[in-house]
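Have a look at these structures, which come just after this line.
Paired with subunit B in one complex and with subunit C in the other, subunit A is shared by the two complexes that follow.
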Partner chain A sequence: MTASSCCEVRNLVKAFDRTNVLSNVNLTMLSGTFTVLVGASGCGKSTLLRTVSGLESPTSGSIWMGGRDVTALPPKDRDIAMVFQSYALYPHLSVRENLAFGLRLRRTMDAEINIRIAEASAMLGLAELLDRLPRQLSGGQRQRVAMGRAIVRRPHMFLFDEPLSNLDAALRAEVRVDIRKLHDRMGGTTLYVTHDQVEAMTLADTLCLLRGGTIEQIGPPLALFDQPVSRYVAEFLGSPKINCLDGLVVHSPSGSHIAIGKNTLAIPNRYGQLVEQAVTVGLRPHHLVPASFDAPQFGTILVTFYEALGFESYVHGTLEGADDTTVVMRIDPGHRIARGESLAVGIRAEHPLLFDPKTGRSLDARP
Partner chain B sequence: MKPWLIAFLTFAVAIGLVASDCKTAPKNHIVLWHAYRGAEEQALLELTARYEAQTGTTVEVLAVPFLAYASKLSSAIEREQGPDLFIDAHERLGSYRDDGLLARADDAFPKSDIPRYDTIASAVARDEDGTAWGVPFALKGVALIVNTNLVKDVPDSIEALVKQRYDRIYPLAYEAESAYVHAPWLHAFGGTMLGPDDSYGFVGEPARRSVAFARRLVSSGAVPAGADGALVKQLFESGKAAAIIGGPGVVSELPLSVPYRVVPLPPLHEASLRPEPFLTVELLFLAQRSATRPEVSAFARFLASDDSAKTRVRAQVVANSSTWRNTDAIAPHLRAFHEAALASRPMSTRVAMRATWEPVEQAIRAVLRAQSDDAAAIDAALAESARRFESAKPRATSASPARGLTALAATLFVIAIIAYRNTKPRFWSGLRASAGAYAYVMHAAIAVFLLVVLPLAAGAVTSFFSGSRNHMTYAGIGNYVDILTARGGPLLGYGSFYRTLLVTVGWTLINVACHVTIGLCLAVLLSRPLLRAKGIYRTLLIIPWAVPSYVTALAYKGMFHQQFGAVNALLRNFGAQPVSWFSQFSTAFAANVATNVWLGFPFMMVVMLGALTNVPKDVLEAADIDGATPWQRFRHVTFPLLLPQLAPAVVLGAVWTFNMFNVVFLVSGGEPDNQTDILVSEAYRWAFTRHAQYGYAAAYAVLIFGILWLTSRFSRRWQREGA
Partner chain C sequence: MKQHVKALAVHTLLVGAVLYALYPVLWVLTVAFSRDGLGEGGFVLPWPRHMSCVNFAIATGAGTGKSALFIRQLVNSLTVSGATAILSVAIAAPAAYALARMQFVGKRAGLSGLMLTQMFPTVASAVPLYFILSQLHLLDRRAGLVVAYSASALPFAIFQLKAAFEAIPVELEEAAMVDGATRFVAFVSVVLPAARPALAITALFAFMSAWNEFVLAATLMSREEAFTLPVVLQRFVGEHSAAWGPFAAGSIVVSIPVMVIFYIAQKQLLSGLTAGSVKG
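On to the complex of A and B.
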């Protein structure tokens, strides 16, 4: 445990009815950092958060906060605040009383309570709403009250349990930014659970991707995006999803390449040790471009679907000569492509991602 | 055809079918009602079968439960549906005759037959003019039943009987607090329950001496205190009472293992007259509608004949004097009951007799349960009982209808204004637009009207009349004035409306508070996710609710018995003095509350269990995170969230408790001295024990309705403002 770590999870196991929901999780959150837990449904991310909060107690392992073991402590003694997915506002109390609730329980002076409420409501734009009941608020307003309730407490640690999933898309993008700004301003440590990879990528200092109760990969968001340890991580992050093509590494006098059906893809020589090995090639949609001088033709795509989003477009099609594998590519919006057209594609990537087709682990040989 | 027309026609046809059921009786078919059981019923059926075989007449015999007998009878006869012939006690003759339910029985009981029956029985079947209204049938009274293992020779006086000492055995057991069984003592000292001109008889020297005598019996420990009929019988059967005072019904149900003998009540040493018990003569009555049917009279003559008496005497004390000339073949106990009957005093047939029981029993209870033998206390109790009798008498209030009609019109006007003010802007056009829909709910509307609105209106109308059942006169708002001015007595005096209201409100508040507290605690315990065998606890806790309330009430009454109740047995185990639960207000009230809390908490528990599942789990978790202790979480989050569902349940529970007749009537029975009565049980007493003053009772009911209506309106407003 380092001096700057705010919270540490050690060898955590949580089982419900003998099924391990979390197995042997280790996680260190440094003070002032924003850690995002992301993963598919049922991966254990919410359970991990609730165990950190103290709402669930672990089957084994321990949780440390600020240098002391808090595993056996109830939530109220952990100096944390939490924002729930459903906001969990007290329906019978006004916004003001919702904000004051935790402070009153801790016997904070009235003057101090008023100062903190004023501060939080200014920060979140709640000033006009203070005397309303939760049922008189919109979803976004409730969300802000829930955050306000966490802020006024000035805890060492903020926990967010999918706080944006009940908001509409536009609002979600807006509040996402607000949350990050708030974090930077408050200087607390934040643990944030989401299943939305955009939220995960944009908010996190440290991104922790959970899979089946264990940490699949942890690190800065771009590290996970660019150097995924497995095909799972690569597929989880990025939208549209990464294209995975089955191929075979072949050596020829002109250098190493990967044969994907009839198509070939040149790869750096350092993959030489993979000769004759079957691999899964991961190509992100933006790695595929219309063939040009910079990007010589790699294959031909028969367009089956075209999505124009305005600022960019996606082409869905099948790669000819490779068992008609489905691929998605990103192109600039200026192109006009119709269904049924054939499109020569090249590749603009420093390196493709290579995975072991059996284990799904990365074959990236770079240091 | 319009749907509403179809609905209306269907309804009309249904009514027609029901109405056509009131058919006239076919010739040669006689309907006979009785309340007999066991051997008496067997004998009656045997005779009926014999008569059918002899004459070809068909007889329909219907056994009606004793408790419902009188009310079923009068309502059935009034609707022309009842029996042609029925067997009932002679003391009801007066009211039946005044109600016009009876036909003269001169054909069935001609003057020439008078010598055929016991003199007593012949006398009560005829009125002062000599008109016969019934045919003497059987005699019912009490006598002394002794256990011959314990009492070899019956002593020659009651004093001698109770002087005998046994180990843990009462020398004598009887219902000491029942006026019916106390009557022999009163008669022995020269008193009567009802004096001439319907005056109250339980006054003066005879009454004083009789209660003093009874008090000595109880305070010397010779007679158990506060025993009811079932307990007396049980004591005798188990050999814990050497002698009891009881009727033939007790004897017929005794197990074979108890050797007994029946003798007339021995005299009182210190009294000059014989202790005559009350005698009831069962008469065969002919219903009014059978007046013109000679075959009914013929059947009555047959049943009462000396020949039939030979069959009936196997099971009852027949009224035929010839039967008793040769008694060899008759069971010894029936012989003794007959002997006792001849030495008994027929109960008065006056309607006012019914109003004497309550004050007399109050006086007896007050004396038997008093702490000291103070003569002044006895006088006070007697004076109080006389006052009660007088104050319960119907008032001769009469008012010009104009005043009442004005009041009625004013009330209707106020209601109309309230209704108008509460009408939404487009109420009438909305009503017209949905007229078609009303056709579909017409049947329910009609049912509600017939079953709810009509009785309510009838009750309200009744409240404007005063006097007893058969002599109701229009009194305008006289009943209300009487009630609200406490009949001229002190406003908070015993038995006044305000005092009863106070008791009722206290009763309601305490009960509902206990219901909510216990229900809530149990609901919270039961909703704990980690509790094992939850289903079993839940079922067990709902059981008090599932048991009919009168069963529970009777069980609790038994448990609070001073000598034999489970509660006092428990207290004794802890070394505490046994409590006489029903002799003072506080303990009697507590016993009522205990019973009603037992009955009422499951409802609140179930409501709260439902409400608890509606409290969002994450809100509770938010409170945990915010730093709440479990108690703070309950106090500040769970409880406020339960309130919306708790409030209507509390209103409902309050209304039920306010009107909880069963518990009050069956557990404390208003004891001591009606102090624990609540408004409904008080209303009941006005209707059924105090001169049958239906109008006065109806006024009580209207007042109760008004109080509850206002309360629920205000509580609803309060709720809306709170929300």
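On to the complex of A and C.
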């Protein structure tokens, strides 16, 4: 355990009824960092968060905070605050008393409680709401009170369990920014659970993608996006989803390349020497562009559908000469494209991601 | 127009139902306020021919110089019912919480056992209760009745509160525990306040069942000073004579405290306190 690590999860196993929900998870959160746990439903992300909070106890393994083993400690002794998906505001208490609840239990002086409530309500714009009951608040207001209740505690660690999933899309985008600003301002360590990849990408310093109770990949968000260790990670991050095409590595006198049906693709340098083998080629929608000098043509797609979002457009089509595989590409909104049109698409040589079609693991040769 | 017809039909039906329910009560009022009880009054629409409060004077002992005794008996009823309400809720709440939230060996069997006790009528346990309370020197004492009543009110109270606790989101307690509460503190400071309407209903139900109970009270209490009101009332209708007038007057007096309590408690009963604590 290093001096700057705030929380560490070691060899954590959690089983319910002999089914492992988490198997051997190791995770280190450095002080002041924002770690996001992301994954599909049932991947164990909420269980991991709840185990860190102490609301669940691990089957085996340990949780360390600030250099001490807290595995056996109840939540109240862990110096954490948590924001729940359902907000969990105390229904019989006013907003002010909701904020004060935790401080009173810790026998904080009234004067100090008032200072902290004033501070938090200024930060979150709660001043007007202090005397209301939770049932008199809108969804967004409740969410802010829930955050306020965490902030007044000034804990070493903030835990968020999908705090935005009950808000509408516009509010969600707004509060997402607020949460990150609050984190930077408070200087605490944050562990945040979400299934939303946009939240995950935008909030995280460290992104931890869980799959079936184990960490599939952990690292800075862009590292996961650009160098996914597996097809699963590549498909999970990014919207629209990455295009995955069946390809074949072919050696010929003029050099090696990847054949996707009748189309050919250069092998990016980072994959080193590949034997003649089947591969899965991952191409992100923004990697496919209208063919140009920079992005030599790699195939032709027949447009089946066109989505204009204003700031960008998506073209859905089938790749000719590759069993009509469906692909999605992103283009500038200036382009006008009609259904049924044929489009020459190019790709930059360094872009394709290659995966083993059987295991789904990346074939990237770099360490 | 159609709306009006529908509203009229509904209201006619409701008024009819209310009259149907109130008709016997009207008779009780008539008999209570008539000078010679059942002998008077119209046959279809009951109304006393000679309005009089003499029955009330007899029932409450004011007319016979026994009013001190009646007050004592009223206090008996109030304390026994009140104590029963408090004791049953105090015991049922923690039990119901454990059954609602925790997993333990014997939970299902315990619940079935509780259900089973509901199948026996109170009379079936009157004799054993008599012997038990006699051993405990609690016969003819209010505490004895409270113990017996609470025991019989508990299963229902536990089921009722268990359902109420299950309806409270578990996140509320988890939030409290993260905030610094032990499980017990979370129970007392978050769960109980959130369950206030259910606690009020449960207490009221226990109060009412104790207030109305006759068989055990008549069996376990032999001194007049220890009687509760149902036993007192029954004394007006004897084997050889039936003083229906004082009996009806007594019934009304007995009903008043319950009506007052319902009136006070109705706000609690109707409010949905958990609304707004979680999403939605």
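Following the convention adopted for this analysis, the second predicted complex is superposed on the first by the 357 of 367 C-alpha atoms of A that agree within 3 Å, B and C clash if a C-alpha of one lies under 4 Å from a C-alpha of the other, contacts with A are read in each partner's own complex, and residues count from 1 in each chain.
Assume contacts are C-beta pairs under 8 Å (C-beta built on N, C-alpha and C of every residue); 3 or more make two chains touch, one makes a residue touch a chain.
Model, not experiment: these values are computed from the prediction.
Student: Could you tell me whether subunit B and subunit C fit or clash when both sit on subunit A in the superposition?
Tutor: clash
Student: Which partner does A:Asn166 reach: the first (subunit B), the second (subunit C), both, or neither?
Tutor: After superposition on chain A, A:Asn166 lies in contact with subunit C alone.
Student: Who does A:Pro352 touch here: subunit B (first), subunit C (second), both, or neither?
Tutor: So A:Pro352 meets neither subunit B nor subunit C here.
Student: May I ask you to decide whether A:Leu89 touches subunit B, subunit C, both, or neither, giving the answer as first, second, both or neither?
Tutor: Touch status of A:Leu89: both partners.
Student: When the two structures are overlaid on chain A, which partner does A:Pro75 contact: first (subunit B), second (subunit C), both, or neither?
Tutor: So A:Pro75 meets both subunit B and subunit C here.
Student: Touch test for A:Arg106: subunit B only (first), subunit C only (second), both, or neither?
Tutor: Touch partners of A:Arg106: subunit B and subunit C.
Student: Could you say whether A:Gln136 touches subunit B, subunit C, both of them, or neither, answering first, second, both or neither?
Tutor: After superposition on chain A, A:Gln136 lies in contact with subunit C alone.
Student: Of the two partners subunit B and subunit C, which one touches more residues belonging to subunit A?
Tutor: So, of the two partners, C touches more residues of subunit A.
Student: Go through subunit A and flag every residue that touches subunit B in one model and subunit C in the other.
Tutor: 53-55, 74-76, 80-82, 84-86, 88-92, 101-102, 105-106, 149, 153
Student: Tell me, which parts of subunit C touch subunit A in their complex?
Tutor: Where subunit C meets subunit A, its residues are 169, 171-172, 174-182, 185, 189-190, 193-194, 196, 273-280.
Student: If we count contacts the way the header does, which residues on subunit A are in touch with subunit B in the complex?
Tutor: Touching subunit B from subunit A are residues 53-55, 74-76, 80-82, 84-86, 88-92, 101-102, 105-106, 149, 153.
Student: Can you list the subunit A residues touching subunit C in their complex?
Tutor: Of all residues in subunit A, those touching subunit C are 53-55, 74-76, 80-82, 84-92, 101-102, 105-106, 133-137, 139, 142, 149, 153, 159, 166.
Student: Once bound in the complex, which stretches of subunit B touch subunit A?
Tutor: Of all residues in subunit B, those touching subunit A are 616, 618-619, 621-629, 632, 636-637, 640-641, 643.
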